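What follows is one structure encoded as structure tokens, with my remarks underneath.
Labels run A, B, C, D and E following the written order; every chain starts at residue 1.
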Amino acid sequence: MSQGSGFDLRRRDVLKATGVAGVSMAGLAGCLGEEAPDELTITLSQFPDTIDPLDHITGDYFDVLDHIYEPLFDFEPGDGIFPRVVEETEILGGGVTELQLRDDVVFHNGDDMTAEDVAWTINRTVDNDIGVASDIGAFGLGSITGAEAMDDTTVEISYSGAPGLAEFEFGNYARAMNRDWSIENHDADQEGESISGADPEDFNGTGPYEVVEFTSGEEVVLERFDDYWGEEPPFERVVFNSDGESSGRVSSLETGETDVTINILPEDVNTVQNADNVEIRRVTSFRNIFLPMKNTVEPFDSQEFRQAMNYAVDNAGIVDSVLSGFGEARGQPVAPGINGFNSDIEPYEQDIGMAESLVEDSGYGGIEIELTVPQGRYLNDAAVGETAADQIDQLDNVNCEANIVDFGVVSDANSAGVDPDVIEIPFYMIGWGTITGDTDYGVQGFFSQDAETRSFDDEELSDAIAESQSIEDPDERRAQLEEVNRIAHEKAPFVFLHTQESIYGVREDIQWDPREDETVYVWGMNQ
Amino acid sequence: MREDVLRVEGLSTRFFTGEGQVNAVENVSFDVREGEVFGIVGESGSGKSVTGLSLVDLVGSPGEITDGELWYRDAELADEVREEFPDVVDGEYVDLRGVPESVRTSLRGTSLSMIFQDPESSFNPSLTVGEQIAEAVEVQQRASSRPRSTRARTDGEEYSLGSLVLSFALPSRRYVSEESRERAIELLELVGIPDPVERADEYPHEYSGGMLQRAMIAQALAGEPDVLVADEPTTALDVTIQAQVLDLLSELQAETGMTILLITHNLGVIARMCDRVGVMYGGEIVERGTLEDVFRDNVHPYTEGLLGSVPDLESVGGSLDPVPGNVPSLLDHEMEDRCYFADRCPKAMEACLERPPDTRVEADGDHVVKCVLTDLEYGESPPLPDDHFETEGADASDGGSNESADASDKSASPDGGDSR
Amino acid sequence: MSDPVLSVEGLQKYFWEQNSLVDRLLGNDPVAVRAVDGLTFDVRRGETLGLVGESGCGKSTTGETVLGLQEPTGGRVEFEGRDVYDLSGEALDEFHREAQIVFQDPFSSLDPRKTIGKSVQQPLDVHDVGTKAEREDRVRDLLDRVGLSGSQYDRYPHEFSGGQRQRVAIARALALEPEFVVLDEPTSALDVSVQAQILNLLSDLQDELDLTYLLISHDLSVIRHICDRVAVMYLGEIVEIGDTAELFESPGHPYTEALLESVPRASLAEQDRTIDVLTGDVPSPRDPPSGCRFRTRCPEVIPPEGLDIDQKAYREVMNLRGLLENRSLSVTKLWERAGYDSPPEEPDDAAVDAFVDAAIERHLERSLPREYRVHVEDAFAAVARGNWETATLRDDFESVCERTNPDLDGTDHPVACHLPDR
Amino acid sequence: MISDRITSNLRRTFRESLLPKIGMVLLVSIVLMAVFAPLLATHDPTRTGYYDEGGNAYPPIGTEYTTQIAVDGEIQEVEVTADSAHVLGTNNVGQDVYSRFVYGARISLLVGFSATLMAMLVGVPIGLIAGYYGGRVDDALMRVADTMLAFPALVLALALIGVFGESPVYVPDPIVSLGLADGMPESIPIPGTVTIVAALVIWVWFARVARGEALSLRNEEYVKAAKSFGTTDRDVLIGHVLPNSVTPIIVLATIQVAVIILLEASLAYLGFSGTTLSWGYEIERGQDILRTRPWVSTLPGIGIVLTVIAVNLLGDWFRDALDPNLDEGQRGA
Amino acid sequence: MSIAKFLVRRTLQAVFVVWGVVTIMFGLRAVSPGDPATLMLGEGATAETIARVRAQEGLDEPIYVQYLDYVQGLLIGDFGYSWRSNREVEAMVIERIPATLELAIAATVVALVIAIPLGVVSATRRNEPADYGATLFSLLGISTPNFWLGLMLILLFGVWLGIFPTGRRPVGLVEAIWTLVAFGSAGDLLTWLQHITLPALTLGTYFTALITRLTRSGMVDELGKPYVTATRAKGLPAVLVRYKHVLRNTMIPILTVLGLQMGTLMGGAVITETVFNWPGLGLRLIDALDARDWPLMQGIIVFIAVAFVTINVFVDALYSSLDPRVNDE
């Protein structure tokens, strides 16, 4: 540890030290300085502003909340889902799958977990009349329609799409909350009510860690849950905090205040590599960055124009410069490793001449457009957007300005649908992590005509997706998804940019490989 | 004849302003006798207030006493400083300009004290009147309890920022002791403040102007000074109050035998109060002598003009006989090397184009005039034509240089703005 | 006697304090500052009427209110027989032309951003007199007339001395050839030599232009010098009006007399003149004394019938009564004097006696005949027991001067005083 | 309205003191820089992509830095050297830092001056009328002013921008449209909401000062004199009160220009200005890369400091020369 | 007017102001684009749900009813629920007060400790090097945007010299003092000091500069007043005149200015907290703005306004006790 560590006396150290009778001040000083070995601090870039496990769909939130409200399945990117709380699944047909739950799972407050809890949680996720309007429900469990407890350990989940899709969905997004506790303490089945609070007691999951300290917006401290049904997780205590600035996270890493941080910018890679005892770990994530163009308004209703935009942008160049190489240029909605990724599709290569002539063909020569770019959400997002906008602006027949805004604006724009009367921002930058590992999750919400949130209204694409959803054979389905990606490339509903890398700074002695789905699970670590 | 308590010789005080050097006081000499009231009279900008400030060494930046000697009679002081500064001691007299500043500071309040024109602005508005007077008492008591030579040094420690902070925290470290408060109340009573115990705890703004002027006098008396410089003490007051204050000063003088240097623009006040008078014009004393010398046997045309400007309360109507023109600029670069009054003087002669010396009317008398008419009759030297001083653009009736009007307004400010 | 140019009747001007919205919400009653409280006087054609008084007596407010620069609280002002406050349109214009004012402060009386020519020309512009060239010519004439030079038209005020500025202000007041000019302390900011010049100028102009002046001044010498008649003001009221010579030689009101006596004369005889100095300060116009407003300082307050004590002792009792009526006697301090650190809750007789002794010692320097002293002692005892109501001493000592406010009597030389032969 | 006396005072103070001279030189240079930005800039300030062949931003001339890049999945360390075409280097999107510095002056000054002007046009008349007439009007104004002042300027600005959006206004560049500068942007974006919001935030100060002036001026004898010969209130306000209030208002305006430049920078820094061509935004941009490319944040910061210093020095000069009584409290906003 | 009366009066004015702030905030919310129910429910809510929530939250009511409801809520201390986290706004405001208060106090302490002596020296040694130094410093101080200053401090002390940490607040002052008192361990306090140093400097510099200027010009003005000459004339030593009389009278008006500047301090705190990731009200305000969480935003701004107004009432009361003239004008 470097500067300032001498002062880095934390209250818990004091509490520990003073717990031993007769420890002198000198002795006290002697045992300080070293981080307690069984503790891990993880610094995120965003601290959860909600403690309701269903009221979000943000990576950083999962990192914290999944340790408390564990997922029902283990999801391994690229490999599929594996039993966890659910021991077995059986597709009953007719849009129903049966889950067999473990019978030894208890909540942190001591209640046994039952099938009722799981079914209620799933229903609360997908049904806006019960509890909070869940983002997970809207995006994650899109095809799930409900769940029912059959007995203490059996839950039946019903869905509208293919069982494979449903499995991907609940495999990723199903969690268990304590029904009675939630209702009694938090009115959690009242419409619009989310679980809220600022006490450790306001968390109650079945995960391997329970909350012992909570400072809203700042820090949450977890300790091993003694009655956890499964394997004892690697660290006794886990602390999550956050710092919105990459440089701040790097500083914390350097000074030993934190052990793992996420979202390190390429700029700071150098610093981390030069610092003692910490190193960079990275992986190409499932997150693609792209610029949706809503085709119900001009000029994006023209396929030529949309393609022109793709030709105008040098996405490979952006990866090299703005991302310092930490990414890969992409030409389809999903990243490699995703079920249905079409490896035959190459990114659009920058071709100004082609772009300009396509613009002319589209009839929109001389148009002025604005690209709305979020800031602070994705790897160098504002810079990427600004560069892309400027590259479009360099076309002789298009003027493009970047408007840099807060992520919320973009997020709203994205879910605003395609009604031309409603659309205020038709051209924006957003990223999508296909964390289910299945193309469907990467395209359905954007292209399916059933999706309120779609950004592109095209029957052919929508039908192709719908078709894939009803195919049960995995290989056939994959082929159909590859076709979906091909069509998407051709119709250019987005300006495809790149797949970004997840860059982490990690203490060297922690054994952990970053995951493509951007989650950080302490149980996947080892000292 | 009583002895001089103060002899001023060749005093010059200048202000170095953005507009140029202002010769506020120009080579002024006079003496003040023990127990008398010496009056200095003049219009605004004549340098009378600066003269007063110079005596008490209170001329602040950008002003500076540039020349002159201030002989002050104090046998004790003379003994103390004789060894160190033999040059500035003459018998019982000490030239205050020659001793270190710390000594001059130590004389303030005890030997020379001063009261000012505007009592309302001369008190710190945020402290009670009692405390401010007690402060003066305290300082004088502390000063007199120590040999003068050590005062300057210990003052620094006693009044450091640190002890100030302490004084806010610890009541025992307050500057003002109970005794000095008692004394302050006595002083207030002495100057005729009704209910002095209660009034001591009031703030300046709760006093009327007249009461406040009394309080200021009380404050000035705290150190039982030998000489009290009273700078326009009644100008800001109504006439009934003015009469009260003048009465008070007379009474106090009779009781304590102190000497008063009374500075005013009001000839009535001079006539009422003074034994001897100096008339100031353009930074100079143009005529000085006894009341009779100045009011009856005056020689200088300015003195005459001044007296002629005052409307008479006793008789009605008639035209006044004022001095024409305006008060001159005191800016060095605008002052010509001549009698400063010549441009307004109805009797200006060619002889007036040189600086007139101080001339005694009678060889051994006190009546000193700065005018050639002391020795000459009007007409002996060729009179100047009417338009001699008319510069371009100047108007006939006011005569003065227009360009300088602004400057003379300005130069009034170091003088205490005694135009009201 | 000529007809009045201006005739003032019962003029009142109060300023209101504590009059904001917040005060209303707090239920604070507005406090009236009675700057001018019921003035009646005439200014006769061609004369100079002097309005004299000490600062704060309301003389300047009178000047401004008469001209309509301040809204009057009550009363009428007639100019040439027409009520000034009812004027509008043409007639108001006419009034604005006929009545002018010259102020005290030569530094504030001219707009520093305007050349003096423009300042003098402004009234002409407002009333659209003549052509532009004619106006300019007129301004140059006026400047010449007041002893400046027409060539100074384009100069700014700061280039002039106080006296010169006052000349400009006079020129401006004369621009519309008015009938009547209010001179509000026109020379009090000036040095004595310059003051004399201005006074001479004003006299000359009056003779030449048949002007009527209302001269407001605190300087009795100035008043005496140029006024035909004088009105003496005290605390918002006129206490005496009369012919200048007569008033100065035989003042009717004790205040006038004291005022005159207080002025030091610039003559050798001054030192031998003995003065009976007026004691005390002018009371606040927020809460003027009842009855005759001068009674708190008057050396000749009329004791009630049968009360046989000398004037000074009576004055002391009066002062004490003031304290008792306002309940401003400092009880705590008196208890301290009586040897009590804090006022006892229920004082016993011994305590009351000690209090009374302390109070007598404190507030009665002159010995009072026994029979009257008892009343005072009773009053103090009442105060010691907290009974302020019974401690006013009113029944025993109340003077006619505090009961009724004397009006100006209807003589040629009216005086507002209860004393006979005044 | 500006009398000889004022100019002579200004001249004298200017002569006597060094600071106004520094301020004047600074401000004139910055104004010239802003006006002639298209001629002084070496590159289009919005043009991205000025990188070395490895895709790295250039450091300022005379410096170099090392950075890590990923090439085919491997992290490599590369040395980046300066390029003579980019004197002050380029930023993380490969824009020319010097050119952006030059253009940034435009935004700062335009917002600073136009918002102040607007605030003045709103605040001064209201203040003058309230102060001149007093009474209920005045009471109301003072309560409104108190309320406005109870919002921290920045917070109020944030709230207002939250409501009204950022709406940049594109203003054509005269120099470019005259064809004097090639390859420069044809229009520059002025943060519209920010300007209006800044004016809304500070108009109260103008109203307060104008009110104070009117309050004291209405008792000036020349005002009374003017009324005595029948000048209408309107003419008194325009003819006497306004001209004589000009000095403190000018002094206040100068101070407020500085305040607004800082406010605009803060809003841009927080990402609420609606344009990226702003010194404040540039500092934000550089914050992430402070360790490796500190020049990106440092230079625009110096730009702001110098501009604000220049304006403040002139403000001090005006105040010293014109109105020693105006206090620093006005610096609030 | 007595102090009590003065306070009542001043408090009444303050109530007006707070009401004004509340009304303006409510007005802004009413005119702000976007449907509150949609914002409240987040992405993906169905039109049906939105309609129900609108009815439930009274958003269908006429605007004046909503306004009255809101004001009524505020009166009983109910600031509503955060749209984002569904927590009580009061709680979310209150838990952030200590951090901001620490920062504001630390900055004020920095400012006062440095500025007053500097201003005094500057005023009493006019046109000497010390004065030039102080003038230059204060000029720089009022001209430097604090976010940039913060970054430069981070660069210098955090990155290059590595003396101070560059963000976060691992421990609160109260907690740190408690540790010190309860366990005799100064470690937490030192950690706190380390972490607050740069933010406090960042926030405090502007105020240091401002107060230095105010003190200097105030002292210079005050030194020119007649009572100073009069006080010297009665024999008081220069030091006593300078500190007891002049400095005291200088500070009285500065106090008022400082009260008014509390707004700027709060604005500065928003920025400083952002730069240093200091978990105070400012940071929460920015979060609320980002999330367009109106109840939270309103709650924070109303709280800031109340705090500002309260401080100013307090300052005025202090002023009136220090300057006896205020009470009876």
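Just so we're on the same page, a contact is a pair of C-beta atoms (placed from the backbone, for glycine too) under 8 Å apart; a residue touches a chain by one contact, two chains touch by 3 or more.
Computed from a predicted model, the values in this text were never measured in an experiment.
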With centres defined as the mean of Cα atoms, the chain at greatest distance from chain B is chain A
B-E against C-E, pair bridged by the larger set of C-beta contacts: B-E
Taking each chain's centre as the mean of its CA atoms, the one lying farthest from the centre of chain C is chain A
When you take the mean of every protein CA atom shown, which chain's own CA mean is nearest to it? E
Where the CA atoms of chain C average out and where those of chain E average out, how many Å apart are those spots? 50
Here the gap between chain B and chain C, centre to centre from mean Cα coordinates and rounded to Å, is 31
At what distance in angstrom does the C-alpha mean of chain D lie from that of chain A? 41
Counting only Cα atoms for the centres, state how far chain A is from chain E in Å. 37
For chain E, give me the residues that contact two or more of the other chains. 13, 154, 159, 289, 292
Could you tell me which residues belong to chain A and also touch two or more other chains? 245, 247, 406
Quick check: what residues of chain D touch more than one other chain, meaning two or more? 287, 290-291
Under the stated contact criterion, what part of chain C meets chain B in this complex? 54-55, 147-149, 151-152, 155, 158-164, 188-197, 199-200, 203, 218, 220-222, 224-226, 244-245, 248, 258-268, 270-271, 275, 277-279, 281-282, 330, 333
Contacts from chain E onto chain C in the complex sit at residues 5, 8-9, 12-13
Touching chain C in the complex, chain B uses residues 43-44, 195, 197-198, 208, 210-211, 238-244, 246-247, 265-273, 291-292, 295-296, 305-314, 316-324, 326-327, 393, 395-398, 400, 402-403, 405-406, 408-409, 419-420
Per the contact definition, I'd like the list of chain D residues that touch chain C in the complex. 1, 3-5, 136, 139, 220-222, 224-231, 235, 239-240, 243-244
Seen from chain C, its contact residues with chain E in the complex are 22-23, 25-26
